[in-house]
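The following pair of complexes shares a single chain, chain A, combined with chain B in the former and chain C in the latter.
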Partner chain A sequence: MKTKNKYSLAGFLFVLPSLLYFLFVFLYPLILSFVNSLCRVNLLLGTKDYLGFSNFRNLLSRDYFWDSLCITLKFAVMSVPMLMVVDLFVADKLASMKGRCGKILTTISFLPFIVSMAAAGMVWDWILDPSLGLMNALLGAVGLPQPLWLRSPESALYSTLLITLWIRAPFGIMILMGGIQNVSQDLYEAASLDGATPIQKFFRITVPLINPQLIMVLTLETIFAFRAFDQIYTSTGGGPAGATRTLMIYLVKDLFNSDYGMASALTVMMLIVMFAISLIEQTLLKKKVEY
Partner chain B sequence: MRFSKLAVLMVFAVSVAMSPVFSAGSAEGSAASDEPIELVYWSHYSQSPAFVEAFADSVELAAKNLGYDNVTCRAEIIEYSGYEAKYITGFTSGTGPDFFLGYPSDWALNGGKNPVALSFDEKASAAWNEALANVYYDHGIFNGERYGFPSEGGSLQIIYINTDAMIEAGLDPETDIPTTMDEFLEVAKALTKRDEAGNIIRSGFQPRYLGGGDGVAGKYIAWFHNFGARILSEDLSTSQGYVNSAEAKEAFKWFQNLVKETSNLELGAPESAFQSGQAAMINREAWFADDTVQKAPNINFVCASFPAGTYDYAPGSGSSVWCNMISARTKYPELCQEIMAELAKPEYDITLHESAAYPPVCKATMTLDNEYFGKQLYAEAVMNMADKPSCPVYDLIPEWSQIASMFGDTVASIVGGADVDTELDALAVRIDQVLNQ
Partner chain C sequence: MKEKINFGKIISDILLVIFFAIVIVPFIMVIFTSFKSTIEINDMPNRDLIHRILPDNPLDFTNLIQVFTGTAKQLNGVPFYRFIINSFIVTLGSLVPSFILAATAAYGLAKYKFPCRNIIFYLFLGLVMIPMEMISIPLFMTVSKLHMINTYVGMMIPSFISAFGTFLLKESIEPISDSYIEAGRIDGAGEVRIFSSLILPMLSGPIVTFVVIKCTWCWNDFFWPLLVVSTEKMKPVTLGLSRFSTDLFKEYGQLNAAVLLSMLPLLIVFIICNRYIKTGLMGSGIKG
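This part shows the complex of A and B:
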């Protein structure tokens, strides 16, 4: 065997496990979802009747689908900016802290990310219980109004935002903190000599220079917001009165068990929408990044 | 070229190596030999592992009594959340059980959504048709064939009443139990406790309105049916003119008023409100009696029959009852059929239910002088309801779970104060969007 072929074979063998993993774990389910979205599927019988785009048409004709889409968009529009602001603010503060205190606070701020989202949903369900929960006990103690949190259709979605913020913020904070710590101190010193205020330094130096990290967090949080499920499912089950029935809740609770083809159609639609949003975010914001 | 041949060979080798992982099942088995046979039972009753184990124990006992000393049964609990998907995955991959718990309409081999349940043979069908109490006779039958038997007799909604609250309100727990809708409203009002500012601090009646719509629907449907309302037409083809009929609107308006007059929704789930003494009345299935005794021994209560309205159905949830069935993919179909027939005997009705204090399902055991059933707190209430006509059942169509979710969401909206007419008219449109596809 020629040396070149030997190297090719060795290279192929090294890549093979990853290739197989990619094919079976990522590509195969993806293709299967596309195929199933065009069929009436019975998993047990192993039958697939080709329906064309009927599943998509039927889905789009349902008010219930549009309600879930609106709830998901509302959730995404509120959660993503909120997370970005909190992540950026906390990351900047933590990055500026020196010594043991900074390390302890950084560790503490990362802890919620370790907790499973399902467990967090259940714990927060208790914390936010209107009559027995810790939150209303604290609010009551200082004389503030005590909302119904997860128990009211009006406040349930906002309450799930609070849970999401608690779970997701550490992820963004860590990414952004890494970016901030890599910004050269020389730039800040030069800005100080020029008389820049801390706010000016933050917006003119920090934010532009961590733009790659910001875009990454923005993209990932957007995708997460569209896929949000665990913490909502365990804390509200999609209720009350369907107020927190996001697309993922609709997909898993209502569609998956009764209409696998339509569930696949919704999966494909979500995939396309999330891909498009990510692409737009990456394209539009990347142009502004260059500094 | 040598390279591509090698690649093909490697893929082939990997496939051969992996084949045991994906292969499933084996040749048909026979119980007659002395080789040990392990049957497997799947149930999603994760709230009561003892109840699930009781089925496995009863199967072993039945097998032994039939002369099969080599048969054991292993119970596996499948978590309730998303259990259907887990079942499908198991059945599809060939790792499914011999017996399992589910709705016949979902799993029946003849016309079920996911056809995997074997219909009972002549002997097992006859045994269960003879044994079951009237109210449970239809449950387990799909498309005219029996596919299973109800796992427990606790599916009827029972009214739980705090007797200390009754005495406090000047009511007699022996004689002032409400039997009609009007009486229920009056008793609920009397049991409602307010603070000086007029805020309700103990609900006279606490409804279920939290969580997913399907769960909410299951607890409300009995009220709805007893006003003569239906969610779907008799042929289950439409909801227009049914879920928004005059009877349906009357039922919802009555319930909305009941909640407005007697409930504090801030108290949350009815079960925890009742067990903490914050609600005086709720409706729930029979299992809740023992649950309350265990979790809240300080709460004194009685179980009462569901009140009658213009109609007086046995207060079911609009769905079939969970049934124990046989998988068509079992290696021992004949043995499973024999065991199912044996389990129809009254003595097993006790071993199946005693560990969880659930109501039995056979008419021979559902009597007040039965040693087990007679001493249960819910016995009289269940007895009184067992001979009532069965309420409408809708889960014979695969769209039911989606419709139940929608219906429950509407219940929660109306409980929260939404306009009944508007909500029900919108609901009818939404349900028909699903039914017409």
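This part shows the complex of A and C:
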């Protein structure tokens, strides 16, 4: 008994440094975030006056907040399904490729993972430059209309989707590929014997069996879409005319330097919304698949 | 019937080719554009497609040299290698502590039983889900109170811990048989020694995965440095880069040269270790 206690103490001591760091650097600020959202915060004087919910009320009365909420929702509603479809499609294709070619393509598809989102925003800003960039040169060469991409309020948000696809796809593809490769080949052979088409096999075998990976990618991409920042900041900076001002851009550009209380209120609201949405996604999808 | 299947396959192959074109083209454009002069770039609308892609003078290193040494206008005299050095310091400086914290926590959680173990585990799990941005304001206030704005330590503070690394290593330690640990105890080795000389050497694969992914995230971090760094000389690569995106009339040649320089170190690491990153992500599939 004594030795057992000794070992469990040793185990706890192994975990303790991480736990303490976690409590101080993550949990404590998280709690402070909630407290600050109810206060007027003065960083210079170090004072906090309790205000109740007036930061939240203040925030909800601002047009910019509603604009950026709409833009963020629009961004999430478009980018998450797009990423899921592309990830699933490419992962399935790559997993079915055998030999060297498949390996090389897998490596290539993973390349954007190492590029910073800031750099991605800048590179795509160059490719999508309306008069100098490659994209419009290609479109012009085949006689298609040449939009202004990131430079026009109508198309800017859609253009940021392209950047997001480029930078985010590798991560989801890798996770889904890992899932697909673990699916037993016997199932596909049995399905072939029963005369199933490739499409049937995909939807009846692959998709249900990689459900855990799908839920994970979906959750992470949803959270990511809500906090989209780097690639938008470096490509449009929230412009033109506020067309790409997501909640995070609003937070950093408008609130962060002026009002910590209100900025905290915004992060608290975002946190709650993110958790609610990912909870809904998880419960809905987990129910659906009971094989 | 047979034709129908082929038809579907052709469409999906075309879509795959388009996907790979989208993936690869930006890399090609970054490399080629780094060698183009401003005059050449402004002449783009008058050129045919091939000459819009390929540089006129592929050995023109002016952009790369100007960016690297800081003579490019946007850099205000701060050489780009300064940003690269800063990023190296921040990345390596967070790598070692985060590895030690993640590995010890993973070992403790995987191989010992103690009260509250599961609660602690779920606390770490929650850490994966909380986006850095949500705690950035109070953390920023703490960092500024401690006078760590514009310091390397201030930049590293959130990266000293790695939830992703903890999970990755925990999953890799769990399958290792307990008999190794017991054998070590019988031979009189202390717990720390068992961990460092017996367990760690068995984890070379996951450790490489951890190192590469952690380096990638530290190197590419943008949001936190944006808050805590304001002096030019302390900026990491990502912030140094963004200097080129602020002007209305962008110097695309220099911008692309800067992007190329910023991703070169990681590209080299990636080429050396790419197998480990893939298996690491595919196997564990956790991000923190």
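The rule is simple: the second predicted complex is superposed on the first by the 286 of 291 C-alpha atoms of A that agree within 3 Å, B and C clash if a C-alpha of one lies under 4 Å from a C-alpha of the other, contacts with A are read in each partner's own complex, and residues count from 1 in each chain.
One rule holds in what follows: a residue touches a chain if its C-beta (ideal position, glycine included) is under 8 Å from a C-beta of that chain, and two chains touch if they have at least 3 such contacts.
Bear in mind the structure is a predicted one, so any value in this text is a computation, not a measurement.
After superposition on chain A, the partners chain B and chain C are seen to clash.
Using the contact criterion defined above for the overlaid structures, shared-chain residue A:131 touches chain B and also reaches chain C. Of the two partner chains placed by superposition, chain B and chain C are both touched by A:252. Counted by residues of chain A touched, the larger count belongs to C, out of chain B and chain C. Applying the stated contact rule after C-alpha superposition, one finds that A:113 touches chain C and leaves chain B untouched.
Of the two partner chains, chain C is the only one touched by A:230; chain B is not.
Within the superposed three-chain model, A:242 lies in touch with chain B and out of touch with chain C [touch as defined at top]. By the touch criterion defined above, A:12 lies against chain B and chain C together after alignment on the C-alpha atoms of chain A. By the touch criterion defined above, A:178 lies against chain C but remains apart from chain B after alignment on the C-alpha atoms of chain A.
In the superposed model, A:283 lies in contact with neither chain B nor chain C.
According to the touch criterion, the shared surface of chain A, contacted by chain B in one complex and chain C in the other, consists of residues 8-9, 12, 43, 46, 129, 131-132, 233, 237, 252, 256. Considering their complex, residues 5, 8, 12, 15-16, 19-20, 22-27, 29-30, 33, 41-42, 44-45, 49, 52-53, 100-102, 104-105, 107-109, 111-115, 117, 120, 123-124, 127, 129-131, 133-139, 141-142, 144-145, 157-158, 160-161, 166, 191, 195, 216, 219-223, 226-227, 237-239, 241-242, 244-246, 250, 252, 255-256, 259, 262-263, 266-267, 269-270, 274, 277-278, 281-283, 285, 287 of chain C touch chain A.
By the touch rule above, chain A contacts chain C in their complex via residues 7-15, 17-19, 21-22, 25-30, 32-33, 36, 41, 43, 46, 86, 89-90, 93, 105-127, 129, 131-134, 137-138, 141, 162, 165-166, 169, 171, 174-175, 177-179, 181, 197-199, 213, 216, 220, 223, 226-227, 229-230, 233-235, 237, 248, 251-252, 256, 260, 263-264, 267-268, 270-271, 274-275, 278. The touching residues of chain B, counted against chain A in their complex, run 2-3, 6-7, 10, 14, 81-82, 84-85, 88, 91-92, 113-116, 209-216, 265-268, 278, 398-402, 405-406, 408-410, 412-413, 416, 418, 426, 429-430, 433-434, 437. Chain A contributes residues 1, 5, 8-9, 12, 16, 20, 42-46, 58, 61-64, 129-132, 148, 150-153, 233, 236-242, 245, 252-259 to its touches with chain B in the complex.
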